[in-house]
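First chain A sits with chain B, and in the next complex the same chain sits with chain C.
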Partner chain A sequence: MFSYELIEDNEKAVIYFKGDLDIEVTEIIEEQVIPLLKFYKNVDIDMSEVLFVDSTGIGLLINLVDTLRNTENDIKVTISNIHPQVQEVFEIIQLKEILGEEVLR
Partner chain B sequence: MGQSVIAKGRTIHDAIHIGLDILGATREQVEIEIIQQEAKGILRIGSKPAIVKLTKIEQTEKTAPDIEDMIESIDINEDSKINNPTKEERKEMISNDDLEGKVWVHNGKIFCKTSPLYYPTITVGRGVKLYKNNELVNGTTVVTENDEFEIKTDEEVIETKWNIMIDENKLNAILYIEPGIRKTYTIQDIAPNPHIELNGEEHVDVINNLDYEQVLQELNRLNIVYGINHEAIMEAMNVTKEEKFVIASGISPVQGKDGCIELLIEIHSENKKPMIRTDGTVDFRELQNIPIVHQGQVIAVVHPPVQGTPGITVTNETILPKPTQPILVQLGQGVAFVENGTKIVATETGRPYFEQNGLLVKVSIVPKFVHSGDVDITTGNIRFKGDVEILGSVEDSMSVQADGNVSVLKNVNKANVTAKQSIYIGQNAIGSTIISGNNHIFVSEAAHLLTQIQVQMEKFILSIKQVMNAPAFKLTDFHKKGLLPLFKLLLDYKFCSLLTTIKQYIEVCKRGSNLLDGKWSKLGENLHSCFLSSVPNEWHSLERLHQLLNDIKELLDEYSLSNEQYCSVELMYALNSVIYCSGDVTIYGKGCHHSKIHAGGVLKVNGIVRGGELYARLGAIIKEAGSEGGAPTHISVPADQKIKMELVREGTIIQIGKIRHIFQKEERLIEAFLDEQDRIIFR
Partner chain C sequence: MKNSSGRGYLMSFIKDLLFFPSKISDEKQIIDKTLEREIHLARNIQMKLLNGKIPKFEGGEVLGLSLPARLIGGDYYDFYLLGNGKIRVVIGDVMGKGIPAAMLMILTRGAFRSASESTDSPGQTLTAMNQALYEDLRTLKSFVTLFCADWDPQTGILTYANAGHNLPLFIDGKERIVKELPKVSGIMIGGLPNQVYKEGAIHLKNEDIVFFYTDGILEAQNKDGDQYKMERLVHALLSNIDKEIKEIGQCVVDSVNEFTEGVPQKDDITMVLLKVSNRKAKISSFNSSITNSKER
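After this line comes the complex of A and B, so read on.
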């Protein structure tokens, strides 16, 4: 099952995603995660415990990053600690080019 | 000082004698100075020659020769003279006590005589093994009279090598033979000497022991039974160097001939060039040099295929010739078979039409429609399944469509002329659209886009497979949404150009919907459902994607197959017109202004090209291009073609492949093409 954990430090938040990022987490991301992160200036998404993704999951991630960036707060979003297996999928899809280099390093 | 000479000799006496000979003097005429007494060594080893200096007492007129030279020449003389007697002496000496400390070989045996102070030595050379007291000697050994010596000579044998190979088609069996050799050594007599080197003299014999029976056995083993040449085997048994012999040969099959069709009439009139009158105008009436056949005339003879004759391999297998195919004739209108389909006869009078694609032949008689006046609102549009000849003009917003050729003897004004074959316009095309050939402009554009789509789709499918094979990728959403989310991800960035191309393709299909075959639009619809739909549908699967790609391939193949080489458009002048032709386009008169021309073949303009866009797939030949300060003129050809211009004005743009060039000043007699580094070269 998917879960997440938020660690905040003033305006900076680190959210730890745990579990598979797939179609099942659509609601969690849209209804919980986005409203939760909207008020920070810096958001880092830690993916170290995400071992599997599906295309909807990647879509959700893109949507999440785009939504946060387009808020009034102009949130700086980064994604870090991507598991190598997941990174492989991201590379084929060229996620770095979709989101921009400042998000995925 | 008199002439003097230094002479060498075995003894002082000899030396003096030689010196006198050189000087040509007698003993009385010279002064003798002994420089070195001779020393007697053992058989020249350790011996020293006697050296004397002779000086002539009497003055002579001759200048003395260079003494150094003299000495050299004397040396030579002395050696040649002195050596001979010593050899003779040696023979005498054999029985003498001079043999002491020497060893010699006689009749293959070693003899020696030791002296208390000197033991002779032997060095073993090549080809020989020397056993001293039954021990093999390596290198050099000392010889005593008590030793027992045994000489063994080496013998080296390389066996005859041979094998039999069958060539690829089993038509020849080849015997390769490399005869063996035997190398033997014999021992020559060696004269007595304190040291001798024992070398065998090499003898090489070629041994060809190819055995006839063995060859036959090998042939048998390889199942070679047909066409054996026994003489070649015999010959092989006698060769002394490596060689190859064909010892069996089969019979190669004689290939048959596919069926063919022999035309008895001229189908394509030679060079449909109109006559140019002396006043410079062109007589297009003479252009109508169209071949005509009459009812009952035999158009062609159909030849049946000729069967080949089978061949035989050396292993006695039959080689079948390639199967031959009959030619397939599709008869169109106005023709019929006679004599069991071996002849094609015209049943109507008209222009013969002939199209061959591999073994498929289409033959028909194209009927001709002649319209004696102008085409205008009173006559209506003309559509005809054959040739159309209009003796007047085609007027405002009228259209002429024909399956064969169209010729308009006067003008085409703001009208459309479409022909599946060639179009001739006797005068001008103004504000008109002229389309010749099956592959009109839309097909060409659509096919071009489709080729791009095909390439990108192949990559697209590859990427999808890659993602699906990635271990971290799950297909949890596949049941609900198919591959749509994945498509969206890939099309979002990586393949965004694929989307653009597909949109362009669909646009072209829409614009050309009344001219394009339904297949093109149908494919466009499918592409739309697959790539542009935001709702999951049955197209979002790998299987369907493959099917779509396959449809694209088939359509493109069909397009590239169509036979378009006999279309052409010829006219005098074009203004604000669109001319599309899958073959050559020729403008004979003043030229063209602000027209868009697409030539699938060669574009020739005998006049001026001012403004507009011109594309010529097989190169462009233009007399004058560009205008002074007018609209830009754009001329393009593919990368492997040339643009020739007699005069080109400033501002004219040429494009070869993807490389563009804008002329900054007027140039004359230009021939532009690309070099290997994709640079435009002018000549």
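After this line comes the complex of A and C, so read on.
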């Protein structure tokens, strides 16, 4: 099961994703996570507890980053602490090139 | 008597009570049935398109297999016989599952077929497909990973390009070793506009096999949540290397099924095999001389 935890510090939010990022998470991202995050100026997505991401999960992640970046707040989004297993998948699809180096360091 | 009429009264009372919900459930049943029928028809279309004619050519064989996780899926493979005697192979994974992924898979197929008509190399094919699909995929917030390769039976050279897909495996038939094709990377289709895809090349000898696949194989899970992984795939391939191409494909499927022990598939599983065989070398050279004389 997927869950998340939000820790905020003024205008900065760190959201901890926990569990597999796949099709089952679609509604959570779209109906809970995006509305929750769009009022911050800085958002960091911590992926240390995500061990599996499938193609739908990657789509959700791209959509999440794009949506947040295109809000009026012009949110600065980063993704951090990516598990090596997940990093491998990100490298195959070249996620860094797609989202930009400022997102995936 | 008294008892049975009492029961009859009770039954009609229950029927009255159930009347309203049963009408709703009747309607729901009709909708469910229509949906079910349409999904089956859609599956039929997809399976027919996927399992179309396998091109026959001298110097080797190809085979494709796809097992959707649901009734229909988003994995894709295709073959295209090029005018110059080369064969073009493509394999891909559309983001998502089920009906939405299947719709985009058909879109991808159309783009591949028309791109193949007008492009000379796998890299150009991916560039043309990305140009054709980019806007639609961005609008739909989706993407497709693709691996495309041209095999030339005359020279034995396999040229390939990659749009965010996992690298196929190269199986050396003589040395009996399995390794990934030399790395070539590129952005997945729908990721960024105006992409140029780099190409790699490898020389294939008699009895060599190239195994193209989607990650559904490696990520197939058993009841303990363990994944099938590369090690098991390599083992399955190596222990069946001498068999006919059809049997090799089936052995991999059997090996995955044996591992998962009936745990429902989470993702589509798809593979394409290309096996070089010059058993019909004589016919091949005979044919090629005819082609050559025609060209002149």
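Rule of thumb we're sticking to: the second predicted complex is superposed on the first by the 105 of 105 C-alpha atoms of A that agree within 3 Å, B and C clash if a C-alpha of one lies under 4 Å from a C-alpha of the other, contacts with A are read in each partner's own complex, and residues count from 1 in each chain.
Here is the rule we go by: contacts are C-beta pairs under 8 Å (C-beta built on N, C-alpha and C of every residue); 3 or more make two chains touch, one makes a residue touch a chain.
Keep in mind it's a predicted model, so treat the numbers as computed, not measured.
Once chain A is used to superpose the two complexes, chain B occupies space that clashes with chain C.
By the touch criterion defined above, A:Ser55 reaches both chain B and chain C.
After overlaying the two complexes on the shared chain, residue contacts for A:Ile92 are found with chain B and with chain C alike. In the superposition on chain A, A:Glu24 makes contact with chain B only, while chain C stays out of contact range.
Looking at the shared chain after the overlay, A:Asp9 reaches neither chain B nor chain C.
After overlaying the two complexes on the shared chain, residue contacts for A:Glu101 are found with neither chain B nor chain C. When the shared chain is aligned, chain B comes close enough to touch A:His83, but chain C does not. Of the two partner chains placed by the overlay, only chain C lies in contact with A:Asn63; chain B stays clear of it. In the superposed pair of complexes, A:Asp74 makes contact with neither chain B nor chain C.
Of the two partners, chain B and chain C, it is B that touches more residues of chain A. Chain B runs into chain C after superposition on chain A, and of the options 169-177, 187-195, 241-249 or 277-285 the stretch responsible is 187-195.
Residues 22-23, 52, 54-56, 58-59, 62, 89, 92-94, 97-98 of chain A lie in contact with chain B in one complex and with chain C in the other. Those residues of chain C that touch chain A in the complex are listed here as 74, 93-97, 141-143, 145, 164-166, 185-188, 191-192, 215, 219, 266-267. Partner chain C is touched in their complex by these residues of chain A: 22-23, 52, 54-56, 58-59, 62-63, 89, 91-94, 97-98. For chain B in complex with chain A, the residues that touch the partner chain are 463, 466-467, 470-477, 480-481, 483, 485-486, 488-490, 492-494.
Within the complex formed with chain B, the residues of chain A that make contact are 20, 22-24, 51-59, 62, 83, 85-86, 88-89, 92-94, 97-98.
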